[in-house]
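Going in written order, the chains are labelled A, B, C, D, E and F, and every chain counts its residues from 1.
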Amino acid sequence: MENSRYEAGQKVMEELFSEQVRQDMKGMKDVSPDLWDMIVSFGFGDLYSRKALSLSQREIVTITSLITQGAFDQLKVHLEAALNVGLSREEITEIIIQCTGYVGFPKAVQAMQIAAEVFQENSEYSSR
Amino acid sequence: MENSRYEAGQKVMEELFSEQVRQDMKGMKDVSPDLWDMIVSFGFGDLYSRKALSLSQREIVTITSLITQGAFDQLKVHLEAALNVGLSREEITEIIIQCTGYVGFPKAVQAMQIAAEVFQENSEYSSR
Amino acid sequence: MENSRYEAGQKVMEELFSEQVRQDMKGMKDVSPDLWDMIVSFGFGDLYSRKALSLSQREIVTITSLITQGAFDQLKVHLEAALNVGLSREEITEIIIQCTGYVGFPKAVQAMQIAAEVFQENSEYSSR
Amino acid sequence: MENSRYEAGQKVMEELFSEQVRQDMKGMKDVSPDLWDMIVSFGFGDLYSRKALSLSQREIVTITSLITQGAFDQLKVHLEAALNVGLSREEITEIIIQCTGYVGFPKAVQAMQIAAEVFQENSEYSSR
Amino acid sequence: MENSRYEAGQKVMEELFSEQVRQDMKGMKDVSPDLWDMIVSFGFGDLYSRKALSLSQREIVTITSLITQGAFDQLKVHLEAALNVGLSREEITEIIIQCTGYVGFPKAVQAMQIAAEVFQENSEYSSR
Amino acid sequence: MENSRYEAGQKVMEELFSEQVRQDMKGMKDVSPDLWDMIVSFGFGDLYSRKALSLSQREIVTITSLITQGAFDQLKVHLEAALNVGLSREEITEIIIQCTGYVGFPKAVQAMQIAAEVFQENSEYSSR
């Protein structure tokens, strides 16, 4: 039963993240296997796997929360995830612009610089 | 020209907020006419009026940012706005649940209590 | 199996909170049964039930995090929980004083005022 | 020697706050005499008494920090202090407007509503 | 008319920032022309160009807000701006010290380390 | 008398930090002798030297507050201090896991990565 939560988490992580990113994230398993299990089973299994929002709506929530709390270390992989689940560059750029009115310019500027890197490294996603 | 930004803001505010809420907000005009103008012209005119995101996507950003920063005083009117622009109760509830993994339980719980009030006061929006 | 996580959560909540507080918290079950399940199963079952820290050490973490993020709405029940799991008034007061150096005076002052209320309402815990 | 820090703090508090506000603040002395001593000796004695900034410059720092961290409970007495040490209504209003670009609208709006109350209750300070 | 807001922003940016810093900032124009326009037209044109506060008072607000929210990436250019609009090293150091009481030591220490770098790189501004 | 506060601070710093870390921290003395004096006399002398909490309890407060506010630059030396005053690796790991429920995953993950570095560099502290 516990397994089903972990498996649900793994499945949604495959939709969100590239093989490489999942491999990097898994480094946490060596550091703290318990935290890793919570990330997969609760974070992705219990939360992201739920049906009431689409994955692209969930990434709007995630990106906005990361920008608002200034958690820029985690922003890059979730900007990539946003592209992977179907948000366009224009929509991602616009999420950051909308944040301006709610968090001010400094965090929006820092987010946009990270988005620029992500867009450059993921040129397979056209500008539309 | 300035007028067009203000007018665009007013127009989008009519889609987001009830007559009563707009009336209450306008109390700011007496306190600081300049801040009021910025709210309407920049906040709603320049930001919300843009096309790259739908109003319901914008309210996902707004609600998430308010929850993450603990700005619960402004949350109620934006939960109502979310209903007005087409987000369902299930989707709004789910935005708050998704926040749990990014901001922790205390802010999610406080948000859910406010959502419960909003849902009760807006019973014309069916549960689906 | 899911049941065991929920039951572990309920058991630790009985150690932390009075009957009355648990009753009040359970109001969330009507608002969002899913969030309620996560609070009990993940928050209390998965986190608080773990052995590596005592419940009084966990409440030091909780109280400090609530003060630092300004989540004063949830502080009261956790100050009571701290008393229930064996922290003295002097220790609780001191947690708040230690916070001064890390979050500044405004949040420490607000926390101390809530602590004063809690101490007054829980006079069965001597000042030791 | 300790006394000189406490006395310096008391002296600067007389410049900042009305008799009534100082009386209210002193309620903290009963709750935690040690925190009270730190507030007076360190907060006001060591910090506010220094010469490199004027008291009105210090209140710009204080008000901005309170708005940015959402510590609205302490904002009112510092808006009054700002008036007492010579900042005009226009300057206080403008501090809040300047914050808009750095913290977003929600916190600025909440601050402006508190400023409106303070201005109404302190009508002896002309709008200049 | 839009032009006048943008031009007002550009003009105040020339008072605040060196040619080099303005050049670096303008990198945002390639990333998101729309965010860049908002930064110049709203951030600098609508906010910084207003008359009710001096530019040095505005930089006290900005620096304090950046420290309080932990936005250290943007702090350096605004510490330089503070020097450019007439705040002395002593005043800037003192803003950070005053913040200690409102945000705690960790953020103040991080800010002071950045200030030390800025002072070293801008030795043309004497210590008084 | 002032001396006794500074000396108390120095004494507790010797219990918390290695010679090397204390040497690095002292770099602040050149940048701002006044902020340095406040850190030692108030931060460590007035706060950490108090008796109502043990040093290991104080480090639980400190680590939790740093994680909650995202002040990761200061986290490393305090994770080392936690080891020095007797918290085990398991307890430190658990503080971070407990934080998950109160601040969300992003800050917990970032903290755990820093803890992993600290544990590797301090292999003399067995995993117990």
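Rule of thumb we're sticking to: contacts are C-beta pairs under 8 Å (C-beta built on N, C-alpha and C of every residue); 3 or more make two chains touch, one makes a residue touch a chain.
Computed from a predicted structure; not experimentally measured.
At the subunit D-subunit E interface, residue numbers used by both copies make up over half of all numbers present, so the two copies contact each other through mostly the same positions.
The angle needed to superpose subunit E on subunit F by their Cα atoms is 120 degrees, rounded to the nearest 5. With every chain reduced to the mean of its CA atoms, the largest distance from subunit C is reached by E.
Among the other chains, F has the CA centre that is most remote from the centre of subunit B. Averaging Cα coordinates per chain places subunit B and subunit D 31 Å apart.
The mean-CA centres of subunit B and subunit F are about 40 angstrom from one another, to the nearest whole unit.
Multi-chain contact residues of subunit F, defined as those touching 2 or more other chains: 34, 38, 42-43, 50, 65-66, 69-70, 93, 97, 100-106. Considering their complex, residues 42-43, 47-48, 50, 52-53, 57-58, 60-62, 64-69, 90-91, 93-95, 97-103 of subunit E touch subunit D.
Only residues 28, 31-32, 34-35, 38-39, 43, 65-66, 69-71, 73-74 of subunit C touch subunit B when the two sit together in their complex.
Those residues of subunit B whose C-beta lies close enough to touch subunit C in the complex are 70, 93, 96-97, 100, 104-110, 112-113, 115-116. Remark: subunit B residues 100-106 touch subunit F in the complex.
Across the complex, subunit E is touched by residues 1-2, 34, 38, 42, 46, 50 of subunit B.
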